[in-house]
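Per-chain numbering from 1; labels A, B and C assigned in written order.
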Amino acid sequence: MRVSRITAVAVAFLAVVVLGGSADAQQCPKGKLRLYTSWPMQGAMLPEGTGMKNGVDLAVSEVGGVVAGYCLEVVGLDDASPQTGKWDGAVEAENANKAIGDPLAIVYIGTYNSGAAKVSIPITNRAHMAQVTPANTYPGLTKKRGAAPGEPDIYRPGGFVNYFRPIPADDIQGAVGAKWAKRMGVKKVYVLNDQELYGKGIADVFEATAKKIGLPVVANEGIDWKQPDQKPVLTKIRASGADLIYLGGVIETGAQVIIRQMKEVGLVAPRTRFLGPDGLLEEELLKGATCDAALGTEMRITFAGLPFEKMRGVGAKTYETYKAKFGKEPTAYALYAAEGGRVIIDAIKRAAPAIEQAKDATEKREAVRKAIAATKNFEGINGKWSFDENGDVDYDTMSGFKVVKADGPIGCKFQFETILE
Amino acid sequence: MSWWEVLVQQTINGLTRGAVFALIALGYTMVYGIIELINFAHGDVFMLGLFISLAWFALLGVTTTLTGWQLLTLLPLVFVLTMLTTAALNVAIDRVAYRPLRRSTRLAPLITAIGVSFMLENVALLWKGPAPIAYPDVFPSVDILREWFGVDSAIFVTTKDMLVVGATIPLMVALHYFVSRTRWGKAMRATAQDRETAQAMGIDVERTILMTFFVGGALAGAAGLIQGMYYNIGMWWMGYQAGLRAFTAAVLGGIGSMPGAALGGLFIGFLSAWSDQYISARWTNALVFAILILVLVFRPQGLMGERSAEKI
Amino acid sequence: MTGPGVRAAALVAALLAYPFVDKALGFQTVHAVSDGMIYVLLALGLNIVVGYAGLLDLGYAAFFAIGAYAMGLLNSPVLGSPLYGYAWSFWLCIWLAAAVSALLGVVIGAPTLRVRGDYLAIITLGFGEIIPVAIRNLGDITVDIGGWRPIERLNLTGGENGVNPIGRPYLPGVPFETDPVPWYFLILIIGAASLWSMNRLRDSRLGRAWMAIREDETAADCTGVNPISTKLLAFALGASFSGFAGSVYAAKLQAITPGAFEFQVSIMLLCMVVLGGAGSLKGVILGGMLITVFDRVVLTQTTFMVRAAGRAAGVAALTTADLTLWRWFFFGLGLVLVMLLRPEGLAGRRVRPVAVGADDADDPMVLEPPPAPRAEAIPRWLRDRAPRGAATDPRAPILDVRGVVKQFGGVVALNEVDLLVPHGAIIGLIGPNGAGKTTFFNVVTGLIRPDGGRIMLAGASLAGLRPNAIVALGVARTFQSIRLFPQMTVLENVLVGEHCRLAATVAGAVLRPPAVRAEESRARARAHELLAFTGLGDKADELARNLPYGDQRRLEIGRALATEPRLLLLDEPTAGMNPRETEALTELIGLLRRELSLSVLLIEHDMEVVMGISDRITVLDYGTRIAEGTPAEIQRHPKVIEAYLGTGGEQDLAARDRSR
């Protein structure tokens, strides 16, 4: 009985592998290299997941799928859990192990959720495989500022950096947010967080920075985002007399509820305003929170990098190409996925001789990892940048958005307001 | 705001919160009283009630705040339509998922209830999407103290607060009348006490159970509509959370007892609102469940229920 | 006999060869299979609580979390709290994690002892909600008492960050760091050991006690099974298995976050147990496998196929369909369908539905007359244990009840009742319905605590003792409405009766040293003898619920005899029997007294029986003893006649009760 069941599982998995990979008939004089991607590809995350996958495909298609004689093949994996539809550590670990177990795999692209990256980085690190994320912004993955004790060394069992992010981390965004709040003339902030890795992390940095620059923080309180009723918490904020609510959260964790109900308890500008991080920069938020409430609270959002329409040079071109190729606006991290893909392709190009001389998969991966770490003055979508010794980008361009009235079915939109440093 | 103003405001928050819990809790307690089933799907019927009422508003062309005669005609109409829809849904759930298992083990209908709950949540997720959605301001919001009485106070009491109380109390009174005075109600009480005897006395037990699900579903629908109009937001996952708290309320009040469910709902409402203020929102859930466990251990019959001896 | 052996060998070979075949073919499924096995192990632990002991647990993920965090906190080299910071070995931590989980199982189990059924489910659900919240919140504790902060931003659990990294097991030469295969074997070994021990537990004194509690807690209590320790043991053992699973999960993943232990996980595990068939180890494994495979494979594959079909048929809607979005819908639907079609689970024991009215008293279909009880069939061991007054003073009455009072609210159920049962006597207890006879039994057997009076068994007070302790002292009973353990076999029912005379512990049940083996085989032999004596010898392996009515009555008496009683309380033993059965039973009671000098206290409505067999009779009416004497005296007693006939009655005593 049990045997046949296991066989059934095995056969089914084989089918997945066979159907997942695709045969290609390209000319590959030096053979094939595989890029593995891993982020949620189902449920609510499907649009963003597809967007990021498109970004990687875009980068690969720009070079015709061939780099220095190597054919590139993108293998898309899903790290969402069967149980919850959200990312899951066990699945992410499985994906990373799948990648390092494939001798043709050269780079691991992912993840979307910083929590998932915590699981996969040590795995790829042991295999000397570079991991490039288009979306993780949790600081502790690369640096000590805004990190938990022991981070980021715990992710580097090999003692070297293999994890790179072509996107500024949250410690910068949280700090920039606090400075912006001060500039806006805020007297007293009430910080809320959704008790998730991203939200709590960025809220903690905001709180710390605000205190440092002399902006009083009443509290940094975790909310139960599953509740559709946040009036008691908002009443508490009203009683505290804070004139700004900073919410560390994302649209999946009910920021809409907070904004929607701020108006109900009388928390509107000029009495109290709202500021949040880029996890809230989605049109979906305005639909749920309603423009009435968003405008009433003078809602503002910080964003890591430049808005797509403000990009110049490479950024502007990438934005246009993406729209032309896929027929829709890029999702929030789609262009960073393209950037990550280009960084990898550039590195493979530079590492080609070393790859050729490599004896085994590990040496090939090591060559590419070194090449990625050595990326300097890269022409990126936000301008020229280099990786620092942590694997972080060395620019911290941030932009500030404000909700304004607009035509269209929603009735308002996020409009670029200012560049933040 | 001074400390007493905060307390008053949070108590109002707790009252409105608790009123909605109470309406949901009634459905739990009625069904449990009659077939001893923890109807896990009940919270999701409430959640769908919110989305269904939204659909009825949309169908009637209501997108903005109702005023005047529209308020007096359309709002009751949507109440009735929503309650009928969720009542029918609840009855259908019973027919399909619970009724065939009446003579089965206790575990079987509980598992199907969980299954149905998953199905309803998935339907809502696909229908309305994963993110919270806005519920339009169909009910006018007027700051009563300031605008009607000219009192300048830090306390907000709005017409919406009145709506919650004004809709919940008549529903509960009607339910009380229904259960204590009508033939159906008597049949329900008789069936709850002893199904076999009720049957022997000529009561159609299956129809009585059906009626129980009908009434419970209608109340859940009303709660969904009130929740939507009051909090102006709906999400697919709220059924589970609200259901859990409402069930706690039903147990607190003594499961099977209708006044108990109402009081339990209010108690949970106050407790959670005060906890949000004076402890921290992140501990509220833990506190609610800790109270639940303490009550079950030290007063298992609930605050209002009677201890029933096991027949030996 | 080669069939099963070959199959088992093939199974073992396949399990051992699987990871290497997988590696050779490049499937890379070992990780997924190992993770699936962790969940199956969890489901097996839950099965002890739900399937065996019948305690519905809706918060089992809490134990999983505790196991994982125990491993994480002990075995992580980094954590903000000063409490930690030194990583212990995995091989030590896994035992500690199991112990911590077991301890928590007792902590969570303790409050549930006072409640039953659904309330217990709610309490576990409450703990299931509290523990993830607590783990999340304890990562950042600040206690602020009016500005004084004795604790500020203390990190005990890692909060939303979780614990990361967690050390992996170390064995010289085994690459736990990089290779999934050692993990597969580690989990396989733990899983096989767990299965092996669970299998042994199930077929032991403890397993039977769990099932008895599941079937009928009150009856189990009155058969000598202590419900408190039995339930706590189920919680503790169930939790300890999840402790193993949780710690392996944590160490394998090297990172845990509070989000991985929420309600959905509890429900998923419960579904694994119920889907396959609660109580069946095979079923639980099947259920776990099915759910894992469905989640990870079926939905994605079906999506592929639907899309392909859509492309072939040119239907645009199908080509973009994503069935994974419907996961919970299908999952819920699957649960509903399985419950509707096979409520006992896929691999559960198919139970014949009870025919309506099966316990109707006058069943005309009794074909064969019950065998007459024979003195020589009385098991020798029962004779040997017969209380010939060796240990106790033979002159002292076996049961001496003085002035017992019991009130329910304002109703006096027992009012200063005295009753005496001499050694080896048969005493009848009669009275109209509602006279307090069964209440009297419940007081004597400890189910109800009296408000006053004293109860002495062979000179020793029974005050404050639990029912199971009273059974151990030698008082056995039957119930007015038969209370067997319906889903257990006839043999198991009798074996539960022997529970309080056996001594096997958890370790004994699992390891089965010679002493335990001998005890168990002796117990079985005795049970078979007892069944032969009560005329059920050929029905040992039938489920108790499938027995005809008369057999059920006799089985209940057989179960009571298995507890080796000195005093037997029979509550209307002949109710619903036909004259032939009644006659046989009367003979049996007489035989027991004659051959074993067993004392019997008998509630009986059949006046012919009670008058014919009793030495003396006590009559209760409205909770008060109105008469006491020999059968002849009682029949003439004016108060008794009045009580039975009331004012306008015309029937005689026996006729009135025959018509009942």
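Assorted remarks:
Everything that follows uses one rule, which is that a residue touches a chain if its C-beta (ideal position, glycine included) is under 8 Å from a C-beta of that chain, and two chains touch if they have at least 3 such contacts.
None of the values given here were measured: they were computed from a predicted structure.
Between chain B and chain C, the least number of touching-chain steps is 1. The interface with the greater count of contacting C-beta pairs, when A-C is set against A-B, is A-C.
Measuring from the averaged C-alpha position of chain B to that of chain C gives a distance of 35 Å. One simple way to say how far apart two chains are is to compare their mean CA positions; for chain A and chain C this gives 50 Å. Between chain A and chain B, the centres computed from C-alpha atoms are 39 Å apart.
Residue positions of chain C touching 2 or more other chains, listed in rising order: 136-137, 325, 327-328. The multi-chain contact residues of chain A, meaning those touching 2 or more other chains, are 43, 195, 222. For chain B, the set of residues touching two or more other chains reads 125, 282, 285.
Residues of chain A that touch chain C in their complex: 1-3, 5-6, 8-10, 12-17, 19, 42-43, 46, 82-86, 88-90, 93-94, 97-98, 100-102, 115, 118-119, 122, 126-127, 140, 148-150, 154-155, 157, 195-197, 200, 222.
Per the touch definition, chain B reaches chain C in the complex via residues 32, 36, 38, 96-97, 100-101, 103-112, 114-123, 125-126, 240, 244, 247, 251, 282-283, 285-286, 289-290, 292-293, 296-297, 300, 309-310, 312.
Those residues of chain C whose C-beta lies close enough to touch chain A in the complex are 10-11, 14-15, 18, 21-22, 25-29, 31-33, 35-36, 77-80, 136-137, 140, 155, 158-162, 164-165, 177-178, 180, 249, 252-257, 259-260, 262, 264-265, 268, 282, 285-286, 289, 292-293, 295-298, 300-301, 304, 322, 324-325, 327-328. The residues of chain B lying in touch with chain A in their complex are 1, 5-6, 9-10, 13-14, 17, 125, 129-134, 137, 141, 156, 158, 160, 227, 231-235, 237-238, 241-242, 272-274, 276-277, 280-282, 284-285. Taken together, the chain A residues at the contact with chain B in this complex read 43-44, 195, 221-224, 226-233, 235-236, 238-239, 251-252, 254, 256-257, 260-261, 264-266, 284-285, 287-290, 292.
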